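Input: structures, listed below.
Across the two complexes that follow, subunit A remains constant while its partner is subunit B and subsequently subunit C.
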Partner chain A sequence: MPFCQKLPGRYIQTNFVWFISFFILSIFPALVFSRDTPQPPTQVQAFDTPSDAGKSITVQWGKSSDDGEGLNNVVLYEVLRSTSPEGEYTKVGDSPRGTTEYVDNSAKDKIPYYYKIRALSKTSFSDSPPGAAVVSSPQWFKKERLNALIVVLVLSLGIIYFIQKASKGKEMFVRKIAAIEAVDEAVGRATEMGKKVYFIPGIYDMDSMQTVAAVTILGHVAKRVAEYEAKLEVPNCYALVMVACRETVKQAYLNAGRPDSYSDDMIYYITQDQFGYTAAVSGLFVREKPAAIFLQGHFFAESLVLAETGNSVGAIQIAGTAQPTQLPFFVAACDYTLIGEELFAASAYLSKNPKLLGSLKGQDLGKLLMMIAIILGSILESLGILHLAKWFTYQ
Partner chain B sequence: MGAFLTLGIISFLYKDNPWYKFCEALFVGISAGYWFCTVFWSQFVAKLWDNIYPTAGQPRQYVYLVGGILGLMMLLRLVPKIGWFSRWPLAFVVGGTAGAYLIGYALSNGMKQVKSTILPLWVSGNLNATVGNIILVVGTFCGLIYFFFSKEQKGTYGKVAKLGIFFLMITFGASFGYTVMARMSLLIGRMDFLFGTWLGLIK
Partner chain C sequence: MRREIPILIAIVVGFVYVIQFFVPHAPFDKFQNWGNDWIQIIAGFAIILGVLNLLKVSLEKVYKKSKGWGYAVIIIIGFLIMTGAGLFFSGGKNYQNPGTPFYYIFFNIYFPLNATMFAILAFFVASASYRAFRARNKEATLLLLAAIFLMLGRTPLGDYLSAGLPTGWQLKNISDWIMDFPQTAGQRAIMIGIALGIISTSLRVITGLERTFVGGE
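Right, the complex of A and B next:
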């Protein structure tokens, strides 16, 4: 006799409803959703990110077998981290499907970390077993920049070699730089006209090499001014540049044998604000009508305003900057312009200092090697023999 | 006030005048005071004071005292007898700058330039790319010749250097036009302020 026939009809009906409800609420979803749980990622490996400043760990893993194949339901990988293998794992980042690497830049040095990778589908997930412990630490040497080290070493050795050569009295040839040859003409004109010489050392602080080069050129200009007994004014927009200019001009007057002609008031501070400085200097140009203006150093948008104002008062203008965007204005509005590296070469050209001459020669050696590399590299590239450009790639 | 000062500065285009002088003096005075306050709070207080006397729980960072001492040495210029001390921080800044920039310049001005200029001199089936690559390689090479200071620029070598300066001038011409257009947009901005915001003639 069937079991159900022993039970009252109401009892059977109630339990059937319960059975169906139980199936729908627990077994059916389990059956359906278990099909969506992706296979876990495999072979989790973590290692200290090489050639870096520390605080970084690279994690690699094998893709879930449901990523791109199988159920193909992986949508994302989550990178989980803990300080103990069985400890609580927290999410440190995520990585799209198809990827097998993540760089964790939130690590702290000297702390062992364990990593797990979680493969996520739309409704479920599965975790990989944890990888081995890993500790991040900084490295002294970045292997990817070995080529940069070689370039800097070759350049430095070349400079040291030529400095040694110049120090021993070997004559170093430097071609004429027209703008520098014109310094005497400009200062002489100011002397004849009884008007001032203005030197504008750019609008940058002493942490710009262009300002440093400008201050060196100022030394030469100041010496000529002292010798010719002309008048010099140097308005500044940085206190540190003002101090450097005062030291340089004072030394130049001393070298010219006219320390009595020097006064700190010749070199003064206006304001650090770019256009406040420009407005003040433009006003000075128009009121004083100087005979010669030197615009040397690091310039920005004020270059054309200053050069045009100087041009409008009829001053002979000698400009110099390594700012490619400002050079066109100086070329258009000034009588002479030191273009780019000529600004740096001018210091060596003027001072004849063995160290500066040696470094200029060393830089020329660098340029020669660059020219050879470009021509040779382009020919080899054209013939498809060697991809030399790769060697000059750095990270 | 904005319109009064804008017109005052623009009046310089006509000639130097008391209105411009007033605006200039105001600009210089206010900006000098503003920068003093900015430097005081962003450098002295934020970088030095807050690191030596940090908030509770934070460690003191005495390394910042090095900068403070160098700054004090600069101020010693006010005492003539020991004013020479101010040359040390100056030397530190100049030397540090030169060292810090050496690597940057070698990488960006040297290696990156060479890498970008090594190009195939002919690209099969693409005349534009071929001509473009040749111009880039020849232009860069001639430009480098111009900036080579160890040889007199005469004869064939001088002609190559002259070609280099031609390339530079063409570049400057393009850059000039580009920047002039940018300045025009600044002028339009001021005109928009005068005729729109101020006079309300432009809606």
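Right, the complex of A and C next:
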């Protein structure tokens, strides 16, 4: 029978029914068994968060096989918690896809908890089996900081040992620091020229150790200024620093036997704004043309603006900071610079107090130990032994 | 007592802060937050002290017609305008919200002025570099050479000039070497010195040896 020949109606109808039935049956398994339910996360582990004050449990899990691969339909993990393995689990937090850790900070100490992780797709979810019970408790020591404690203790004991030695009368040799030796020269110059000495204690508050160091240096500079009968001005960025500077300068003038020369107006507040302060101080430099400028403490981008302005008015400038990024600017623009540790040593050096000088010797011991550690570490690293370098890793 | 109490506070707070760095257990875990709260509270009161001092000094300058008293007038006017705009002319909104006079002044006057001061830095970098890179002695010459390699190595011109050289001698790689080795070594040495200096100074403060910062000898 030729294909194009017209077929009887019943024949076509019967075949059509067969065809539809066959089609439905063939796609039925695909319709019934297609899934959006993601595979559950695996290996749920919970443990007491280490080195904390308690009330915290860290939960870790293996990703669902549909997270980043497979159906790739996981959108979120939910962290579920219960006090019994078969009990009711409640959500305590969630974590984005691709993650495998959550820190539960809502736990109570001494209560056993069970955790499940729920992988969610847009329309469905699946839960992991619960992990083992875990109890949170506070710890008394941050184990990962043991190395820091040992280093601090060794250095502190070294410093205390040398302070004790110095207080018993042992003379301590401290190398000359040119920037500190130049303090007398700078103040003397201001006296001869009849111009002011400006002291800028950085742009940070008293919670910076550099500001504390700057204020201690100010005490010694102020004493010299009082002795030489020069004029001192201290514009401040923070009111607390202003108060500390006032107390320090007042005492310095008293120690120099010239309390009558002191006035609160010498030390004043300008603004906490970085560039507002910079503009004001630069303006003062340009108008007053001081003979000596001390830039000591915590500086940022304003360091070069201040130092270059001071340089342009011909002032002798002694800078000091422990900000490595600002040191090149000070070195380039100032006559003398206290580099890093010298800023902290300056007060002890200027005071000539044997106990304070002893602390500098202790600092040197620390440097010696660091040098030994660096040389030893370099040798061991070269030999492929990495333990020493790892031990020095700070957490 | 005026000096002893601040020293005592420094000693106690210093030791507590050291302990809380190593001990996570209560009550030490709270100390850092308490300390930060106290700093905020004290700083809040201190700002009043600072503002009052600024106004006192400026008003005195204007009253006595001291040198530069015109600048003091600008400070007082600026202070009054900003405070007035923030306190009384925000139309019931938060003074920091867009549309308030404070917001307008902040973004159209204060902000450009601040940016201008920061931008001036570029000119100061040029003048300081000119002085620093003069080959006056051996060290300055080394600095100059390092700077030339570094600046050329960080620009397309450096790549172009040294394209024909072996990889290790190309300016980009030389500048990377300068940054990765001599520069990093020097900076780390300074950082170690600073850390030791901070430990030493902190010890002097918390053992009461260093008293200059509270007006002691």
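Quick note on the criterion: the second predicted complex is superposed on the first by the 275 of 395 C-alpha atoms of A that agree within 3 Å, B and C clash if a C-alpha of one lies under 4 Å from a C-alpha of the other, contacts with A are read in each partner's own complex, and residues count from 1 in each chain.
We adopt the following convention: a residue touches a chain if its C-beta (ideal position, glycine included) is under 8 Å from a C-beta of that chain, and two chains touch if they have at least 3 such contacts.
The model shown is predicted, which means the values in this text are computed figures rather than measured ones.
Novice: Counting only touches as set out at the top, which of subunit B and subunit C does A:212 meet: first, second, both, neither?
Specialist: Both partners.
Novice: Which of the two partners, first being subunit B and second being subunit C, lies in contact with A:240: first, second, both, or neither?
Specialist: both
Novice: For A:393, is the partner it touches subunit B (first), subunit C (second), both, or none of the two (neither)?
Specialist: In the superposition, A:393 contacts subunit B only.
Novice: Thinking of the overlay built on chain A, is A:147 touched by subunit B (first), by subunit C (second), by both, or by neither?
Specialist: first
Novice: Is A:175 touching the first partner subunit B, the second partner subunit C, both, or neither of them?
Specialist: Touch partner of A:175: subunit B, not subunit C.
Novice: Tell me the contact category for A:356 with respect to subunit B and subunit C: first, second, both or neither.
Specialist: A:356 sits against subunit C, while subunit B stays out of touch.
Novice: Taking the superposition on A as described, I'd like to know which of subunit B and subunit C A:375 touches: first, second, both or neither.
Specialist: A:375: touches subunit B, not subunit C.
Novice: Would you sort A:268 into first (subunit B), second (subunit C), both or neither based on which partner it touches?
Specialist: second
Novice: Taking the superposition on A as described, I'd like to know which of subunit B and subunit C A:279 touches: first, second, both or neither.
Specialist: In the superposition, A:279 touches subunit B and subunit C alike.
Novice: So which positions on subunit A get touched by both subunit B and subunit C?
Specialist: 148, 152, 155, 207, 209, 212, 240, 243-244, 247, 270-273, 275-276, 279, 283, 287, 301, 304, 324, 327-329, 331-332, 339-342, 345, 360, 366-367, 370.
Novice: Note which residues of subunit B are touching subunit A in the complex, please.
Specialist: Checking each residue of subunit B against subunit A gives 9, 12, 15-16, 20-21, 23-24, 27-28, 30-32, 34-35, 39, 74, 77, 86-87, 90, 93-94, 96-98, 101-103, 106-107, 110-122, 133, 137, 140-141, 144-145, 147-153, 168-169, 171-173, 175-176, 179, 183.
Novice: Flag every residue of subunit A that touches subunit B in the complex, lowest number first.
Specialist: For subunit A paired with subunit B, touching residues are 147-148, 151-152, 155, 173-177, 206-209, 212, 240, 243-244, 247, 270-273, 275-277, 279-280, 282-283, 286-287, 301, 304, 324-325, 327-329, 331-332, 339-342, 345, 349, 360-361, 364, 366-368, 370-371, 373-375, 377-379, 381-382, 388-389, 392-394.
Novice: Show me the residue ranges of subunit A that touch subunit C in the complex, using the header's touch definition.
Specialist: Its residues touching subunit C are 51-54, 138-142, 145, 148-149, 152, 155-156, 159-160, 163, 205, 207, 209, 212-213, 215-216, 219-220, 236, 238-240, 242-244, 247-248, 250-251, 255, 265, 268-273, 275-276, 278-279, 283, 287, 301, 304-305, 307-308, 322, 324, 327-329, 331-333, 339-345, 347-348, 351, 355-356, 359-360, 362-363, 366-367, 370.
Novice: What part of subunit C is in contact with subunit A in the complex they form?
Specialist: Result: residues 18, 21-26, 29, 39, 42-43, 46-47, 49-51, 53-54, 57, 60, 67-68, 71, 113-114, 117-118, 120-121, 124-125, 127-129, 131-132, 187, 190-194, 196-205, 207, 209-210, 212-217 of subunit C touch subunit A.
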